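Structure first, then comments.
Read from first to last, the chains carry the letters A, B, C, D and E; within each, the first residue is number 1.
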Amino acid sequence: MTSALAFDLALAALVLAIATLTIAAREAMSAVISFIAYGLLLSLAWVRLRAPDVALTEAAIGAGVTGLLLLGAAATIGDRQAGAAPPLALMLAAGLACALVASGLAATTLVLLPEPAPTLAPPAMASLATTGLGNPVTAVLFVYRALDTLLEKVVLVLALLGVWSLAPDRVWGGVARLGPDAPPRAMLVFLAQLLPPVGMVIAIYMFWTGADHPGGAFQGGAILAAMWLIVLTARLADMPATSHPGLRLLVLAGPMLFAAIGFAGWALADAFLAYPEGYAKPLIILAEAGLTLSIAATLACLVAGPATRTPPP
Amino acid sequence: MSTAIALVTVVAVSAGSIFFLAGTIGLIRFPDAPCRLHALTKADNLGLGLIVLGLLPQVGTLAEALKLVCIWLLVLFSGAIVTQLIAATSRHK
Amino acid sequence: MTIFAACAALLMGLGLFGLITNPQPLRKIVAFNILGSGVFLLFGIVARRGAAAGVGADPVPQALVITGIVVAFAATAMAVALLLRLFADRGDTRLDHESAAGTEPARDDCRPP
Amino acid sequence: MTDAASQSVLPVLGIMLPATGMLLMLLVGGRYVEWLALILLPAGLAVAAAIFAAVWREGHTLIYVVGGWQPPLGIALRADGLSAAMMLVTAVIICATGLFAGPQFSQPRGRPERRAPLVFWTLLLAIWAALNAVVVGADLFNLYVALELLTFAAVPLVALTGGTETIEAALRYLLFALLGSVSYLIGTVLLFAAYGTLDIALLSARVRPEPISWIAASLMTIGLIAKTALFPLHLWLPPAHAGAPAPGSAVLSALVVKGSFFLIVRLWFDAMPGLLNLAAAQLLAGLGAAAILLGSILALRQSRLKLLIAYSTVAQVGYLFLIFPLAGAASEPASSIAWTGGWLQLFSHAFAKAAMFMAAGLIAEALGHDRIAELGGIARRLPISTLAFALAGLSLMGVPPSGGFVAKWLLLLASVMQGQWWWAAVILLGGVLAGAYVLIVVGKALAPAGAAAAPTAPVSRRREVVALTVALGAVLLGLVPLQPSELLQIGRLDVHALAAR
Amino acid sequence: MVDFLNAAAGMLLITTMVGLCRMLRAPTDTDRMMTAQLAGSGGVGILALLAVAGEAPPVLDVALLLALLAAFASVAFVSGASTSTSPSDRP
């Protein structure tokens, strides 16, 4: 057990060190790069906390897609007009306050939490058989607390609408710009041809395995989004215009399918977001399939940002 | 038999770890970026290969073994291309 | 677990510090993400404490974290889009301009948290 | 919660009707968006009215267990008397805003889709879905998602006009809101860690007054206060609410900030009923009192009409927090009086503030600016809008006959009955200050036009009438009987059980 | 065996840690772009060791994802850095 403990200690120290580097970095670009390394390492911590589902999500969304988003912003903005740093006294006061908050939270979690810890694992596992699923996390996301997941999908669509709405009026419905204007390097193009097929296989595997093993729509969707973004960066394909009906359908199909399944449950299984007996697993996989595609499209569009060019005729 | 397998694992994983260590020492000691790039990718890919080799006898199913090999191949190929890419970018600058 | 609990608390403190003291909004957004990941880690610790019924962790908080990560990403995307638009319009990203639309400066200047 | 409850799918419809409607709007785009709004607004109003009628008739809470999974594993939705009233007010204001915004946000025929109409209508429905989810939510994490939905709908609305200042205001709003969400989330996880559930009804039975509950409650309250813009976390509000287009400002000021306030009350009165002690209640109300005075004084000093109204929101939100010491104390009937007064303040402010922003929007549209000093002569040109502004002002001041009068009177009565006279003083002073800033504007509007008065643009009569109708709503709320409302008590924990804690 | 694999994972972690801190404080863009490579290959090695050392087989999936995303992040770095106006090459 001690070797595991030592490992955890080293991991926590590393995560904290990278986080400190991220906060203290002088340039925005350095901060973003260390943030990506931080996200990749944090997934190790999630593995140690017996949360492989979260590890996958953190790596794919926390580090991957968020990382690309922040990199793009840092490359555009740089460090110009950053404004003056607050005076030293204020920094010290803020540091003291934050240290207090951190130690208070540490004390709370270390001392005040009850033993034995309350848990919902037994009821979650007991009902797992009726859902036909093997992965309890998927069961929570798509059966027990499906309303959260459905509303969260609406949040994602809403965020995309919010991002799109920042396009100036004259380019509304136009095309978002991604990556540099310069033609991509041959090597990049080669990688963009090689990696996406592999990534797509992994994404489909993630989505498919999610019913019974860690993985699922979020992780699969995030990988697909990452692959699409590589293809876009290498100019192998163009971003569709934000007014493109197909793109809007792709973004909305998953949430609407999920809502439709929810209403079907109301009609056929006595409750909104309930599944008819015996059909739970196929219906969930159907919903997840739609959501995987929609999540992929939404995440990629969120990274690409609002339209910057007028729509093609 | 099982001791022999265990020995293979221990030796391969240890060797792999040493390659990683060597890569990191290279990172710290080498003077310029291209050298460091060399040190990093060569050593890490070889190290990872040895670790995967050492772990293969320990996994339970063929599928897991295949997955391990796939992971290594993925790192190897993408690493090679990315290294080229980084080198090209830094030369260009 | 104790180690990760301390780690989570420190991450939250670090993130909060960055959010308060960094003048550059992009750095604030990065700090917000670190703060958020500390909170999510806390969920992970709570889940791990709830190990029972043959699973290594309570699946409910883990599922909540997955929802939370997606929401945090959406928030980051929206903040970055606002920031880039501000930069494109004005050429800087300071948030300490005189507040509000119009020519009249309001008396209180609205600094971010 | 009380034992009596009936299963009803109406709360789900309250959330899903606008939510799926919003998704559909985005899908079809173009001119269909307005047609969809034309169908969805009355339908949503009908759902809200049905919930109100059902709760009123049956006299107990409506419950829906989503997917048939009982809490703590699953999520339940509960519509008590308060939720029903909130939903009805929300529906009425949203529909009125829709009527008001109709001409402003319509797609031109046979032209490519324009940005503002599509974004406005979808955001309006998203705000509606989020508010309904907030008021019927009974699970703390589900409420977190609902709050995020609300934030993500409100922020783009602030930035809708696309001006640089509004983008900056939206970004600042988003940063405040995100900090608030994180703080709320920490509290949520601590409560789950301590009591093993996120369901409000189960928590109310399990929460004990111990340090972890205190820490969780404080963190969640701080987070929600940031989103409600209570002093001292109010800095984001004025530029954000003043920068949005008029219908947006109306919804933001009238409804959106109330969503997070509603959750603070849910938290302290429903989820942790044993926890609200004198010190916490006095602290919250103290911040509220500071908001009343500071917000009103700052409103007096504004030179732009929309900013004045926005600062007035900061002040009027302060009144709501008086509910904590006045309704939290276990002294009947004073606490029931304060409870009714507090909520009536919320409802009448919703009507009054929506009307004010609509009127101010019309005035700004006619003049091309909203500088208070140059409002001269506007009363003659836009008499209906000026009247709407003045009537709404009556309610803010607390002058009879108006909903604001009844609300403030009930709060005043409760504070005197409980011997907490200092709140009475704040209420009165706030009324005087509100009178001052409303009269400044009305006085300027009634003054003759200056020599350099610019020509005014024509303004739609229909929109003026909508603003006036909403203002009349605030006045009509003054007709409710001056006594504790029974509807608002439906589904509440027995107040006398609170006394026994 | 479990302890040995854990120890190997720990050693890999420490080498990765040292390397990462070195990289992130390095002056040139090239060095910084290598960080994702380093975190990727190191992380994959650690996860493979942990997966076999007694965690669950799904951990291998995490390793697979990490390998994929390290490459993705490197691409992002390269294309991001070529538009970047880092202080050193600004006039």
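The definition used in the following text is that a residue touches a chain if its C-beta (ideal position, glycine included) is under 8 Å from a C-beta of that chain, and two chains touch if they have at least 3 such contacts.
Only a predicted model underlies this, so the values are computations on that prediction, with no experimental measurement involved.
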| item | value |
| --- | --- |
| Shared chain contacts [chain A and chain E, defined touch] | B |
| Grouping of chains that still touch (sans chain B) | one piece |
| Lowest number of touching-chain links that must be crossed from chain A to chain B | 1 |
| Chain located farthest away, centre of chain C as origin (C-alpha) | B |
| Top chain pair, ranked by how many C-beta pairs fall in contact | A-C |
| Distance-maximising chain from chain A - centres being C-alpha averages | D |
| Chain nearest the global centroid, as defined over all protein CA atoms shown | C |
| Cα-centroid distance, chain B relative to chain C, in whole angstrom | 35 |
| Whole-Å gap between the CA centroids of chain D and chain E | 48 |
| Between chain D and chain C, distance of the C-alpha-averaged centres to the nearest whole Å | 25 |
| Residues of chain C touching at least two other chains | 12, 42, 46, 49-50, 60, 64, 67, 71, 74-75, 78, 82-83, 85, 95 |
| Touching two or more other chains - residues of chain A | 48, 50, 72, 74, 76, 79, 105, 109, 113, 117-120, 124, 144-145, 148, 152, 155, 158-159, 162, 166, 185, 188, 191, 195, 198 |
| Contacts with two or more other chains, residues of chain D listed in rising order | 73, 141, 145, 148, 152, 155-156, 159, 167, 186, 192-193, 196 |
| Set of all touching chain pairs, with the criterion as stated earlier | A-B, A-C, A-D, A-E, B-E, C-D |
| Residues of chain E touching chain B in the complex | 1, 4-5, 8, 11-12, 15-16, 18-19, 22-23, 26, 28-31, 33-34, 37-38, 40-42, 44-45, 48-49, 52, 57, 60-61, 63-64, 67-68, 70-71, 74-75, 77-78, 81-82, 89 |
| Of chain A, residues touching chain D in the complex | 104-105, 108-109, 112-114, 117-120, 123-124, 127, 143-148, 151-152, 154-155, 157-159, 161-162, 164-169, 172-173, 243, 245, 248-249, 251-252, 255-256, 259, 262-263, 265-266, 269-275, 311 |
| Residues on chain D engaged by chain A in the complex (per definition of touch) | 9, 12, 15-16, 19-20, 22-24, 26-27, 29, 64-69, 72-75, 112-116, 119, 122-123, 126, 129, 133, 141-142, 145-146, 148-149, 152-153, 155-156, 159-160, 162, 167, 186, 190, 192-197, 210-212, 215 |
| Chain A-touching residues of chain E, taken from the complex the two chains share | 2-3, 6-7, 9-10, 13-14, 16-17, 20-21, 24-25, 32-33, 35-36, 38-40, 43, 46-47, 50, 55-56, 58-59, 61-62, 64-66, 68-73, 75-87, 90 |
| Contact set on chain A toward chain B in their complex | 185, 187-188, 190-191, 194-195, 198 |
